[in-house]
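Heads up, the thing below is written out as structure tokens.
Labels run A, B, C and D following the written order; every chain starts at residue 1.
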Amino acid sequence: MAKIKEECGVFGIYDLDGENVATSIYYGLTALQHRGQEACGIAVSDTNGPIGNVKFHKDLGLVSEVLRENTIRQMDGDIGIGHVRYSTTGASVAENAQPLVLSYVKGSLALAHNGNLVNTPELKWELIQSGAVFHTTTDSEVIAFYIARERVGSKSVEEAVMKTAKKIKGAYGLVVMSPRKLIGVRDPYGLRPLCLGKRGNAYVLASESCALTSVGADFIRDIKPGEMVSISREGVKSQMIFENKKHAHCVFEYIYFARLDSTIDGVSVYDARIRGGKSLAKSYPVEADLVTGVPESGLIPAKGYSEESGIPFGLAFYKNSYIGRTFIKPTQKERESSVHLKLSVLKSVVQGKRIVLVDDSIVRGTTIANLITMLKEAGAKEVHVRISSPPFLHPCYFGTDVPSNDQLIAAKHSTEEICKMIGADSLGYMESEYLEGMAGGLPICKACFDGNYPMEIPEHTVSMEYEIHKI
Amino acid sequence: MAKIKEECGVFGIYDLDGENVATSIYYGLTALQHRGQEACGIAVSDTNGPIGNVKFHKDLGLVSEVLRENTIRQMDGDIGIGHVRYSTTGASVAENAQPLVLSYVKGSLALAHNGNLVNTPELKWELIQSGAVFHTTTDSEVIAFYIARERVGSKSVEEAVMKTAKKIKGAYGLVVMSPRKLIGVRDPYGLRPLCLGKRGNAYVLASESCALTSVGADFIRDIKPGEMVSISREGVKSQMIFENKKHAHCVFEYIYFARLDSTIDGVSVYDARIRGGKSLAKSYPVEADLVTGVPESGLIPAKGYSEESGIPFGLAFYKNSYIGRTFIKPTQKERESSVHLKLSVLKSVVQGKRIVLVDDSIVRGTTIANLITMLKEAGAKEVHVRISSPPFLHPCYFGTDVPSNDQLIAAKHSTEEICKMIGADSLGYMESEYLEGMAGGLPICKACFDGNYPMEIPEHTVSMEYEIHKI
Amino acid sequence: MAKIKEECGVFGIYDLDGENVATSIYYGLTALQHRGQEACGIAVSDTNGPIGNVKFHKDLGLVSEVLRENTIRQMDGDIGIGHVRYSTTGASVAENAQPLVLSYVKGSLALAHNGNLVNTPELKWELIQSGAVFHTTTDSEVIAFYIARERVGSKSVEEAVMKTAKKIKGAYGLVVMSPRKLIGVRDPYGLRPLCLGKRGNAYVLASESCALTSVGADFIRDIKPGEMVSISREGVKSQMIFENKKHAHCVFEYIYFARLDSTIDGVSVYDARIRGGKSLAKSYPVEADLVTGVPESGLIPAKGYSEESGIPFGLAFYKNSYIGRTFIKPTQKERESSVHLKLSVLKSVVQGKRIVLVDDSIVRGTTIANLITMLKEAGAKEVHVRISSPPFLHPCYFGTDVPSNDQLIAAKHSTEEICKMIGADSLGYMESEYLEGMAGGLPICKACFDGNYPMEIPEHTVSMEYEIHKI
Amino acid sequence: MAKIKEECGVFGIYDLDGENVATSIYYGLTALQHRGQEACGIAVSDTNGPIGNVKFHKDLGLVSEVLRENTIRQMDGDIGIGHVRYSTTGASVAENAQPLVLSYVKGSLALAHNGNLVNTPELKWELIQSGAVFHTTTDSEVIAFYIARERVGSKSVEEAVMKTAKKIKGAYGLVVMSPRKLIGVRDPYGLRPLCLGKRGNAYVLASESCALTSVGADFIRDIKPGEMVSISREGVKSQMIFENKKHAHCVFEYIYFARLDSTIDGVSVYDARIRGGKSLAKSYPVEADLVTGVPESGLIPAKGYSEESGIPFGLAFYKNSYIGRTFIKPTQKERESSVHLKLSVLKSVVQGKRIVLVDDSIVRGTTIANLITMLKEAGAKEVHVRISSPPFLHPCYFGTDVPSNDQLIAAKHSTEEICKMIGADSLGYMESEYLEGMAGGLPICKACFDGNYPMEIPEHTVSMEYEIHKI
């Protein structure tokens, strides 16, 4: 199967008071929906019931489409996990929806995974050579298989998870539900986020703090890179699997992925974006009448640019929020007459103005070019584009969807060329050296910009994947 | 059936070059979706085909849910109309979805209506006394019935529409499709909007100019109050049905209903809201550090307040756009822990600040009270609420959903009381005398604020409605 | 719209004890499903509730598909009617599903109709000339419109129904539900059946007696041709609208339409078919080893042939009952290899035998030709075909689907030619003069065989129908 | 999960000419639908495409519900398998639908299984102890896992299948699709059927010969007990895995499961049932006027009884074929009035007659009791019941749904008692010693009647199953 690089979100909760957790998972996943719109799912268990019983539901679609009231109301259980999955281009595969729910030697095992492994082919080959069978093409099934195999000779599921973590390489924020325990693990680099919260006697694990807020839980702390936490009747136990000194938090969480109101590894996403906009204003000042952003991701760096430059901040676009996954694309013929479907310009805001237009990144350049045309048609005198990240130049192996080089405009053209191609009056990308500052001084992974990967990227081995499609 | 007061949107198009119009109607309705999320529909005809053939599709749901690609692709025709309908509380009735499509003496007749009549009971009684039968409880069916009856003795469908317009009383923006003509009519007060656009050889009618933009059509002009336009192979013909001097444009279109990027009756909605915010700043100045608005409708008046007062404008809330119609509401027990689902506060923005919070209106007061609590919990020192409309005191009979008095907080409490109830540090409503200025000097209907209805409101006659429900 | 000649089934029930009737209607329609598989529906009302309240549900599909448990359980009411509609070739139109439910001067009106009018165009023209509008293209809507119009000047709904009955011409078995009354009417010729039953204090009207049995009701009597019965709190009242001497019961009910276990107008359908088979044996005796029938409709006349001739009766085909409406037809290429999908031959039964194969009728001749081939391939020595009806030669105007001449093999070929074309060793059609005897001596309509229509068939007037399609 | 004993049907096809086989599988499964109505599925592959690519679709429901035209048309491939699954009481589990499709060391593997293993717990325990994970609770997944594990050290998939067959114990008719081969295996006792056919250059495997007929394939031969056939580009290769002398064909295939028009292990099912009826007539003669059967399974033994006894055979019941899975059951209150829903009596057939009523078996006795009441109410003078199988006394472990003792009327009551309980005038069960004769002299398994199991039945070990439910 075509390997899809994914950005996902995970959520887990264990209510020691025995209250049902399904609705909380539903709210948590809704708060994490921006991390994945392709598929989602939920699995719950009752720790007071017979060992190994699990109810789950998962499918392609948004949380609000897949998880309806009558489904959620049937899901009794005081422990559970959930997952949202990114909508990438290409065919979506229902079988790959998570959580993965299996039975193994100790009962049932459920698993939700955000991230991407870089040694899946080797791991899978090893398993398959010993006679394993696979139902999906997810990294998660490989991880689950190792946990099950390691569980046989281990004293606890935690020990099995630890042994597995030492085998897998790559980026992960992982939540695991065994019959009586909720476990969270984060990769040794801290590439993918994971945090811990508490509401009454319920413990919550989530990819982002905004999901804690959504269920009324207080933020306790981020799971450390290389840390495993295990939540059981005895409360929370922590264990460092890796004492890695070299952390590398994905900087793109701050630039684009994470939600504005989340705080990740101690750094507020909102503040980071404001700082990004300010550094842009320092690097690429320009005389202008208005700073605005491409909704939604460009708005906050635009605000930062405004604060630094003193040029007023305003909203120049109306965004139609009713254009969703099933929106009927215009045919080639209809295209010209329908550029204004998703975004339209507020004429009175831009007419006669020199405008600074901020966005978080440029991939192919077509969207920004359209917006510049729209602004100019609406009467903008100048449009100066500022991008709150450096140009994409390298693929990502750690769970994001940065496309291959030939689809990246920056890999083929100079900034001057791009500026001309998109019709801007000037163009400035954030300098790579400002990224650490933007991320509040955290050690970051910015390999997609500079090619400096925090770990070895294995050359491609022969793929073990077959095209098995449910139609 | 329970009479539902509705706000809707209409769209019509006739492409004289014979191109298919269904996709354009789809885009137009998507642009008008904010005017109604309960139900929608589309009807098209081929003016080069046999007379009276119509294809239509309508159902409960959003445009993107009801009108899927395979439906739209089957709808051949160079003339067509569409409708979106407001989601009100209470049961939604699929049979009442529009356009209404009928056969009558001259072939087929399709009709889409935005607004509300005030003399429906009398009109319906007259018809029913002469033996009429009704399939729905919409005003639209009554209008259609009159058009059909008047058509018998008239020379043209236009004449029948004019005779009908003279019988019906109330607010309407109406599009009618007869086999070879597209007709638009607006009530004599201009209560509901309707405008005309052109794209190549295609003429477009729409409730708002944003729908013209969405299909690449140029705005030509607003239909005048009391005017009927008829589009046929001969082009556009206009006729004044009423030479009414007393216009009364619904001011709530500018305050809330209409889209930010629309211009209605010559007045930009964006500019009107900016003016609204400015007048608030003049009437109720306050010392503060930040002006912000309740997304989305409060943001632009907040910007106006900021411009007038000089206090910086900022975004203080994150809005989760994935919370839609099917969102599972928290149970009473879960409620406390889930106030932050739809909106969450950006802590770094509000911490330690004195805040001016602008919204377009207060109905029951519960939402704004929650937001004030959230702001204060996030560290806001003061929250001064400014409302860009006067207090609601009177019901609306012209197609909006202003609830009856006993649900309106302003009908039962003074401003001081409300201020205390919602936990604000101060509260200011827009003064009624500023409304005309906000609406650019247009003659307006502001009866929901002052009880001054532009026409006589008939006392309630015996209802002719029966509870006929499709289950 | 293309006028579809239909065979349908109707059901009505009023439980004077106030018990819910929806499930009984569901069972009744299931028993009548053989009369129509295209669409179905149900409408109920509570005679103790507010006047004019009706709940209904109808759609394309079988009873078991359209009426699910949660729908039926919501339908409270002690009075109700139901309808099943024939699946004809060509597009099915959901809007034409019945019962038709309307509001009119006296509240709500629901109507279910089996049959076909011959003067619809004139009736509709008259209405439409006075300004009427139509939502469907059914005869039923025309009938409903007349009832509503006549109701205005009448003392009772019964009077309005009677006046309407005097206007409409054709075949009908009609059930009408007004707020407090259940009415049944049968056309003056008795072309379409309708009978009355009773279960406790509940009165039942149904197209066939098998539907009475299915709900545990006792058969009381057939409604007389030209009779109207009205069921209310006062019990059953009868009135003869027409004192017609010339009855003409549709003989095809006995040959094919009606269910084996029904008794219509005093004649058992089973017995009629046995008599049909016997008369065939008398007219076309042959030396043979086995008499068998094409399942299901040919089995009973085959049994009759066997009884008369003394040749043993046997089952020679297995019928796969899982081949329904959605069955995927083989492509041209696949066709040859898939003749045995629906029916397959029981080899041990037919091998080496001379066989008499009985069927109820031949339309195009392709099916019977296939079956003969199958029998011969399975080892049958001879196949003698006997048809328990005369050759179709004339179209039907009274609610059945006899196709036009050019599709009828008998209209273009002699019996000898047909015998050769289908590969039979001999072929015998029932003699037309035996039809009355088969139908137990009843006066019958056999116009499809002899062209002798019981009433004048109007020449075709200009069609008032437009192609209005819900997509 | 609750272990469900199932009766299923399997189908496999490999077209060496490279034609698509999906439609043929669809037709084959439709022909086998009587073997399982709970769930179904299909998996195809293109042997000329990249190795290991498979498309599949499966779900709960009938073939006509699960496999729609647009699904089938997307399924390109010249090799494929299909499965139908029995509808048992209790919850149906979508994940357990077959074929099971997996990836393993040699690409993809698909598997469809009819039957039941008796050593699943031991097999599963062995796997799970070595770290295996399971996604379903089917025997099929255990079999697939063994094939995959054995494949690692084997020279071919055939070798792996053979090694697996030597481990598994129980009843099975199995079809396996590996990337380039279609394999069929039958258990060493021949408990479950499997046969081979050919159409042009396409080879077909099916549970019953009727499925061959349905796709236009000629019957070649039955797969022998203990035989494996492997179909590849080289044609068909056969290998005996077990040279078992002790065959034990399930006699209930002849009594009830198999289709009338199938021939299994050289014995025509129709002929077997006729013989069954004849032996009943010899053992339990009675003076009577009519022999009839309970549709459908009682009809043919009734015919046999008639032939032997000389008493005329007739059809006494009408069966409503529209009562399917979703039929709304009457509530307790409605029950009395709705006994005649599925079957109704043809009065003219039974009135005044002494009747022999034949059925294939009695489980709880309630159905036959109802039918006897119906016959007597319709005027039957006597009803003599004859059952074409001995009384059920022992559970089945080989893939059928014979319930446990406490639900079997014969386990608790003598024949005399049962006769009285069901209201029959006499009752006769087939003598056990006639079963071999009925099955044409084949060695049979009749353990459900005499408790003589052909293999050791292991005592129950601790269940490895957990309640994992997709909601």
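We take it that contacts are C-beta pairs under 8 Å (C-beta built on N, C-alpha and C of every residue); 3 or more make two chains touch, one makes a residue touch a chain.
Labels paired with UniProt names: A, B, C, D = Amidophosphoribosyltransferase.
Just so we're clear, the structure is a prediction, and the values are computed from it rather than from any experiment.
Novice: Among the other chains, which touch chain B and chain C together?
Specialist: Joint contacts: the list comes back empty.
Novice: Identify the chains adjacent to both chain A and chain D in the sense defined at the top.
Specialist: Both-contact set = empty.
Novice: Roughly how many whole angstrom separate the Cα centroids of chain A and chain C?
Specialist: Centre separation, chain A to chain C: 61 Å.
Novice: Between chain A and chain B, what is the gap in Å from one C-alpha centre to the other?
Specialist: Averaging C-alpha atoms per chain gives centres 37 Å apart.
Novice: Two or more other chains touching the same residue: where does that happen in chain D?
Specialist: Answer for chain D, listing residues that touch two or more other chains: there are none.
Novice: Testing understanding: with touching defined as stated, what is the shape of the graph linking the protein chains, line, ring, star, complete or other?
Specialist: ring
Novice: Would you tell me which residues of chain D are touching chain C in their complex?
Specialist: 23-24, 26-27, 30-31, 33-34, 62-65, 67-69, 72, 199, 210, 213-217, 259-261, 268, 270-271, 274, 299-300, 303, 313-315, 318, 320-324, 326-328, 330-331, 334, 336-341, 344-349
Novice: Flag every residue of chain C that touches chain B in the complex, lowest number first.
Specialist: 50-57, 71, 74-75, 101-105, 107-109, 128-135, 137, 144-145, 148-152, 464-471
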